[in-house]
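What follows is a pair of complexes built around chain A, which joins chain B in one and chain C in the other.
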Partner chain A sequence: MPEFLLDGRSVPFEPGQTVMEAAIAAGIYIPHLCWHPAFEPHGSCKLCTVDIDGRPASACTRPAEAGMQVTSGSEALRRLRLRLTQMLFVEGNHFCPSCEKSGDCELQAMGYYLGMTDNHYPHFYPRRELDASHPDILLDRDRCIFCELCVRASRKEGKSVFALAGRGPQTRLVINSPSGRLGDSELDAGDEAAGICPVGAIVRRNTAYRVPIGQRRYDLAGIDEESLARERPLLGRADGPTED
Partner chain B sequence: MDRPKIRIATTSLAGCFGCHMSFLDIDERLLELTRMADFDRSPLTDIKQLGRCDIGIIEGGVCNAENVEVLRQFRERCTHLVAIGACAINGGIPALRNRYPLEACLEEAYLRGEGLHQPAIPDDPELPPLLEKVLPVHEVVQVDYTIPGCPPSADAIWSVLCALLAGREPELPRPLIHYD
Partner chain C sequence: MTEQRYRHLEQASGKTGLRRVAIDPLTRVEGHGKVTLLLDEENRVQQARLHIVEFRGFEKFIQGRPYWEVPVLVQRLCGICPVSHLLAGAKAIDDLMGATGIPPTAEKLRRLLHYGQVLQSHALHFFHLASPDLLFGPESQPALRNVMAELEGERSREIALMGIRLRRFGQEVIRHIIGKRIHGTGPLPGGMNRHLDREAGRELQEELPQVLAWAGQGVDLARRLILADPGEHRRFATVPSLFLALTGPNGAHELYDGLLRVRDEKGGLLYDGLEPRRYREYLREQVKRWSYMKFPYLSHLGPELGWYRVGPLARLNVCDHFGTEQAERQRRRFFELMGPPPVQATLAYHWARMIEILHCAERIEELLRDEDLYRGELLCETSRGEEGVGVIEAPRGVLIHHYRVDEQGLVTGANLIVSTTHNNTAMNESLRQVAAEYLDGREFDELLLNRIEMAIRAYDPCLSCATHAIGKMPLELVLEAPDGSERGRLLRHADGTVVQG
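Let's look at the complex of A and B:
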């Protein structure tokens, strides 16, 4: 198999794989929020920014090439990812103490992983619409990070319930239904699109506090370990040793 | 051998005193702390005038004119300013009002709310005027260190205090970083 170098380690890849896919399959974590192994990459969050042969690139969209020199674990990239994460926090309304996703949230866990202790930037405090019209699913747009995972999942399920509309600060998640409300859409609680949101924007109702705060996913493990354990098997190399 | 004692001041702005309760939760370590430090202005001492301090600890965001004044004074008189807790860092629960105009919040609470006896918006001159939006501390003054959490754990607070008392740069270990 051809190989590239990631932080000094050789990573084999199958032609056509992206840098992200090859790294995760090899058991090496590269931070990501909008990438998911089951879907086409979206390339929007830029958390996966790495240095490839001296230039910044998104690991989730960049096809792997033999002999590439990739840096992901540098202090400069940690700082860049920290600032990106802080931007995501101030662009929305993220009040973790009152969010049912707290402890299971990938954005929050990314903050923990990067050592984030404040939000650095001035807050936007945008005004976004809450949609509580669905009996089984809540849509709290305050917490949406526009990763389009729900859009991709729902499209794959043949329902296309979600889409992003607008640009820049006006970007918002819209619903494909006659009234524009979730309750009138085809979304069911069992749909993958109802469970894929990495943050607390789309949550299944009546499930929020089954696991108490303090005992949740990212209370117990870092997003790096957790992500590898969950996503590596989906790339077909479940429990091979970490490539070295 | 006697080093001059470190002076610490603390205040709660638009917060719930939960961070102060968590601070007290350092338990017997408080005794150790009082050997190294004296408390200046703080709800714990009930001293009202702020003197020169080494460390100022701010709980809560900034919701009214008095908060602004107190915060600016802390910045001026404290060498290190530490913002603790979700409210100080991003406005927290009080900032949930930021999406509504201030007037609408006052009307909802004092004119249209359930079970009001004599509906009227309070206007006593003693009451500090409210800001249009609740602001995190760093949007009003420069902040040196932050301890997130709602509230931050006693261990998180202790870890930062110990570093500052020892003249080290505080760095919260990953398990002590929590936003909830």
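Let's look at the complex of A and C:
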């Protein structure tokens, strides 16, 4: 099998695999938020930025090549990822103290993983609409990080309930329904799209705070360990590009 | 019914030539507040007011949030008694969700949680904030009047450590139930999210003999300190009033759930068995221009006569008995030594607080032996309504949470009446009493001013909890010339209208 070097370790890969897939398969964590093993990579959050032969690249989109020299674990990259995470925090309205997703949120866990202790940037305090029209699901746009996982999941399910609209600070998650509200869309509580949000933007009703502190996902393991344990077995599930 | 005897000091007749003295910030209370005094040339007090200077806005920013977030969000009102807000919020949401049959396991867990809360908050207040005044005397050097000085003194060190350890125990109880010492999660609509871990239960049980011993010593200490100068301590900051508190079945002392009672000045029951969720039928709140904090009163008596006091002293005065042996013995002793209920001495709040610590420790002991904590149903069926009220006895007294939601479950309105707010008139009246009786005509210095703080401190006010009323907040802007004469005034009324006054 061909190999590349990741932080000094040789990582074997199958042709066609990305750097991210090969690393995860080899049990090496590379930080990521918008990548999910079951979907085509999206390449938007840039948390997976690594150094490949002296140049920055997204590990989730870059195909692995034999002999490349990849650095992921450097202090410079940690700092870069920290700044990106801080930007995600200030761009939305994330009130971890009362958020029901606290302890189970990938953005929060990433903050801990990267040693985030402040926001660094001034808050945007955007005004975003809450959608509580669905009987089983709440959409709290304040917490959306625009990873498009729900978009990709719903498309794969043949419903295409979600999409991103607008650009830059005006980006927002929109709903495919006559009224533009979730309650009038085809989304069902059992859909993968309803359960995939890495943060607390799409949550199921009647589940808030059910898991006691101490037993929540990231109480039990850091995001690196948890990600490897959960995502490694799912590798190879992505089934071809889901074209826009 | 109960006149405010020092009411004339709320507003000086004219301000020309008066000197202003401010105690800002008030020390050894939770949150920020200040006191202002206006004095004439002979140092006679013409006006004395307690002001709340910070402002929060929880009632506003929970609007539009889903109802299930409410308890977890509003507990952030306070870092001292967050559990009381968590539980008052949870009870309001239960009411909203038609959760009438909370399983015994969940109710007992919540009670245990709240006993831990009251115990730790009382310990914090008595040992860390109030006891330096009582141990070293109100006019002792300021450098001495704090818990750090207590830790250094040979005699006081043991007392300070006892306080710290008692508080720690209360916080451990909390942590084992909601996962964190402050701001955890646990209550859900219709119940709780976990049982008590058996190992945790055993750990806490092991500490209990010591905790009960400390609590007993705490009561003795408070009694000794108050009785050291009985005449003076009965008189200081004392303002005869009505008392309001929850009681349990047969008039038992109650901290979690029950019906409201009011005891009058003569010792009779003015009201008994009031449904807390119908509080709007008998409680109103008055707004005054000079304070962010509202002034609640019993509506049928009106704001002048219908004011009352809440908190540990009110609970002792209002109940007929404690359900636990040692606290009941101490309650009887309290009334033997202080006279029949209602005891009006404001400093007796401290003593009452210590008896409640003992009671909480006894209740915790009882509950930890209860199998229900470790197994059984945690949740009951819920439906969905539009409005819910939750009332609890927070460490500082009656705490009311009231929410309305729309058909999607988003909060459309909230009203919170926190314990410290109930005591607003009383604190002002006590402050005016001290100003009139102790300061009037004397030369002012820091030591004398500490007496003012002591009067307010007795109520253990939590000023951060009490400053949540956005939008209803009246504001007054006064332009004064250097000689104190008034040049102009701008008023914003409670309804938001602004007028030139």
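Note that the second predicted complex is superposed on the first by the 234 of 244 C-alpha atoms of A that agree within 3 Å, B and C clash if a C-alpha of one lies under 4 Å from a C-alpha of the other, contacts with A are read in each partner's own complex, and residues count from 1 in each chain.
Just so we're on the same page, a contact is a pair of C-beta atoms (placed from the backbone, for glycine too) under 8 Å apart; a residue touches a chain by one contact, two chains touch by 3 or more.
Worth saying up front: this structure is predicted, and the values here are computed from it rather than measured.
Ranked by how many residues of chain A each touches, chain B and chain C are led by B. Using the contact criterion defined above for the overlaid structures, shared-chain residue A:Arg55 touches neither chain B nor chain C, since it reaches no partner.
Once the two complexes are overlaid on the shared chain, A:Ile213 sits against chain B and chain C alike. Within the superposed three-chain model, A:Ala132 lies in touch with chain C and out of touch with chain B [touch as defined at top]. In the overlay built on the shared chain, the residue A:Arg167 is in contact with neither chain B nor chain C.
With both structures placed on the common chain, the touch criterion links A:Ser98 to chain B and to chain C.
Overlap of the chain B and chain C contact sets on chain A: residues 97-98, 213. Considering their complex, residues 83, 86, 89-93, 95-96, 98-99, 133, 136, 138-139, 143, 145-148, 150, 171-172, 174, 177-180 of chain B touch chain A. Listing the residues of chain A that touch chain B in their complex gives 89-90, 93-99, 102-103, 108, 111-113, 115-120, 122-123, 125-127, 213, 222. Within the complex, the chain C residues that touch chain A are 64-66, 68-69, 72-73, 76, 178-180, 183-186, 188, 193-194, 408-410. Listed in rising order, the residues of chain A touching chain C in the complex are 97-98, 100, 130, 132-133, 138, 205-206, 208-215.
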